[in-house]
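By written order: A, B and C. Residues from 1 in each chain.
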Amino acid sequence: MGEPILRLRGLTKRFGGLTATDSVTLDVVEGEVHAVIGPNGAGKTTLVGQISGEIRPDRGRILFAGQSITRGPVHARALLGIARSFQITSVFLDFTVAANVALAVQAHAGHSFRFWRDAASDDALIEPAAEYLGLVGLSDRTDDVAATLSHGERRQLEIAMALATAPRLLLLDEPTAGMGGDESARMIDLLRSFKGRFTILLVEHDMDAVFALADRITVLDSGRILVSGPPDDIRADPAVRQAYLGDGDT
Amino acid sequence: MDWILLLEQCLNGLQLGILLFLLAAGLTLVFGIMDLVNLAHGSLYMMGAYFATTFAGWTDSFLLGALLALPAALLLGILVEVVALRTLYSRDHLDQVLATFGLILFFNELARIVWGPAGLDLPLPAFLETSVELLPGVPYPAYRIAIIVVGLVVAGGLYALVSHTRVGMLIRAGASNREMAGALGVDIQLLYTLVFGLGTVLAALAGLMAAPILTVQTGMGETILILAFVVIVIGGIGSIRGAFVAAVLIGLIDTVGRAFLADLLRLFLANQTAETAGPAMSSMLIYILMAAILAIRPQGLFPPRGR
Amino acid sequence: MRIPVGTAVAAGSIVALAIVPPITEALREPFYLGLCLRLMILAIAAISLNLILGFGNMVSFGHAAYMGIGAYVVGIGAFHAVEDGIDWLANGFLHVPLAIAASSLAALVIGAISIRTRGVYFIMITLAFGQMLYFVGVGLEVYGADDGLSLYMRSDFGDVLDINDNTRFYYLVLALLLATLYGTKRLVASRFGLVIRGARSNERRLAAIGIPVYRYKLVAFTVAGAICGVAGVLLANRTDFVSPDMMHWTRSGDLIIMVVLGGMGTLFGPLYGAAVLVLVEEFLSGVTEHWQIVFGPLLVLVAVYARGGIAGALRALERRRG
């Protein structure tokens, strides 16, 4: 195992009286798939928000690739290599599928103060975009408007956009949420093909997905880390079985 | 500096602030609850002034005119809500801007047709046309004091409404919380109509109280509407408390600034330059204040929670 | 080959505008030449607003202020040229860059504050700043305050072009209109345009892929202000008159109406919107002086029922035909 690329130190965020994340300390090691699980309201999405920069922590530090990013804006973190997918799919619905990915490529190809040349015929954007769409299996939808994609396809598009930003960490917030069995299985296969190539922090509800993908699992409960370790340990942990897995269910 | 003048100007500023608050409270309620941007709020202020002037003419009594104007404004507000605005709640703010801008044109033209293009005056009754001696030798118009008192009473009433009633609970629950209101078993449509009606009455009250000081004319609602926007932007959209604080602040700064800025500038600039720059600068004052506050707090001074 | 309805109407409009001068001359109706001149100038302003409102979803309610700034550059220049005999202040080659500089600077400052906010705050703040500039105009007593300034001479472009000749001025404005349309077409399709359209579509996503949205929106806001400033230079020369009223917030409202009526986020929409507004005003005010009593409710209906505007209707027509 390599070095930790993401270090969270004592991350705390309160909303009014509710402590959404409570002194969360966590390392994500380069190359691993690290899953964060926990019941609804455990603070998973707040955690993702703090890492991506949309939510500012009250206390604690976030280090990415050795650099403190605790207070940096969202776009700066994205440029450093934190790519995310949203719990509720978030794409440019009125753009074509290709333009969605092209914009993500463009974001990492220097500034966009280019006012004259047609972006839609710019090979420096189109070619990489086509490549990433191939990777996620959307090559046949390139010229369709994103709004016409199915829910599962939009998820795939989000992953392609994340890949297009040359990520060092993929921050995936429930990538199989709202998917049917088939779609879900396809997404898991896709993510499995990323194993070893990308570092992934996976926030997930679906236990099948988690145990199929994760190298390490962290269990959150009421904003605190209950336990963290390899999947087999988590499965065997009595406290986890009690609090979350529902004893005897698995 | 002339301290007596300063005191007078402060009271004038407070009185402007009170009028602004009445207008801003309605705007901010309507926006906070229904998520509706109502540019035509100033037109309702104007209609309040016209109603009061007409009714006062018929009844030969300022007070009766004012008392009749309020229910008339309520009816007008309900009519506007039911006919024009009801379909716009779920819509884009831009659609709301466009439609309510259309309403302004409509109301201005309507007023011009009904009441003619010339301005009207609403004379004060004798008992209000006196002065009160604030300090020995410092008289101040009784009517302006009456405005301040009425405004403070209304502000108190609104505060009680917002903090102690079921409607207030919905208001505090924050932005357009349809599900919650539904869960409480409230008829949303009715609630919205009533809130809009309340906003209209407050605007009309401001309009009719301003009428004896100003000339009643078309377009009178628009200048003050922009000030009311500045007030709710500074106060935080949806917050009654913010609207009150910001309204008084804006009223004071605008009035006192206009009275004294030219004098102040004279300390630094040549007489002639100060004379020229004074009026332009003092009209910019509140916008500069707004810019400064927003630079520090983009959500205003009292941003409503959960937004 | 079948020509799409939208393209046909766009081309038809341009041709129609191009043949206005000979027709009005033949009919001896210079009034309509002036009317179409105004239409085109307002269209340029509306196109600039569409850049941020239609493509970038920034509902700027103070856009007329930049037009006023451009107009005052001409007005003040002409004033001193005539009053104080400083001839070079009437030079059009000075007016245009100065108007661009002044209006883009104003847009930069106003945008820098407004773009930090969103939604209704943005609408109200741009409205308030626009109104602030209006009051500055009212406070300029040297330059006529409320009453404004009459222009005793138009911008002087030397031997290059004499805009005192209305027909020549007309073709200059038409050329600028076409240039603005073409520039907008390129801009919107460029990388920069992709970012701006992305901001309309999904700003949160844009930040998440690593784009600092704020600075792109600010640049778009500034560019729009600059173009509108040029429209102001033209408008001052067209009316031979400058007044704070050009900056009044209802003028900004008119520009918004043009954009929405014509079709937000479409290339030709603002031109159609400007045409409709100018012609409807002309027609209705000929029927009754109280034309706004009709026009106001008409706007309500447009807001409630006609989202896509004219360009949207043309597109729907095309779909039905296809």
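In this text, contacts are C-beta pairs under 8 Å (C-beta built on N, C-alpha and C of every residue); 3 or more make two chains touch, one makes a residue touch a chain.
Treat the numbers as computed from the prediction; the structure is a model and nothing was measured.
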| item | value |
| --- | --- |
| Distance-maximising chain from chain A - centres being C-alpha averages | B |
| Chain closest to the middle, measuring from C-alpha centroids that were averaged per chain | C |
| Selected pair, greater C-beta contact count between B-C and A-C | B-C |
| Intercentroid distance (Cα basis), chain B paired with chain A, Å | 48 |
| Distance between the centres, which are taken as Cα means, of chain C and chain A, whole angstrom | 43 |
| Distance between chain centroids, defined by C-alpha means - chain B, chain C (Å) | 31 |
| Residues on chain B engaged by chain C in the complex (per definition of touch) | 31, 37, 84, 87-88, 91, 93-99, 101-110, 112-113, 222, 226, 229-230, 232-233, 237, 276, 279-281, 283-284, 287, 290-291, 294-295, 298-300 |
| Chain C contact footprint on chain A (complex, rising order) | 52, 54, 73-76, 78-79, 83-84, 86, 90-95, 99, 102-104, 106-108, 112-120, 122, 125, 161, 164-165 |
| In the complex with chain B, residue positions of chain C that touch it | 53, 59, 61, 113, 116-117, 119-121, 123-125, 127-129, 131-132, 135-136, 138-142, 249-250, 253, 256-257, 260, 264, 290-293, 295-300, 302-304, 307 |
| Residues of chain C that touch chain A when the two form their complex | 186-187, 189-195, 197-198, 201-202, 204-213, 216, 219 |
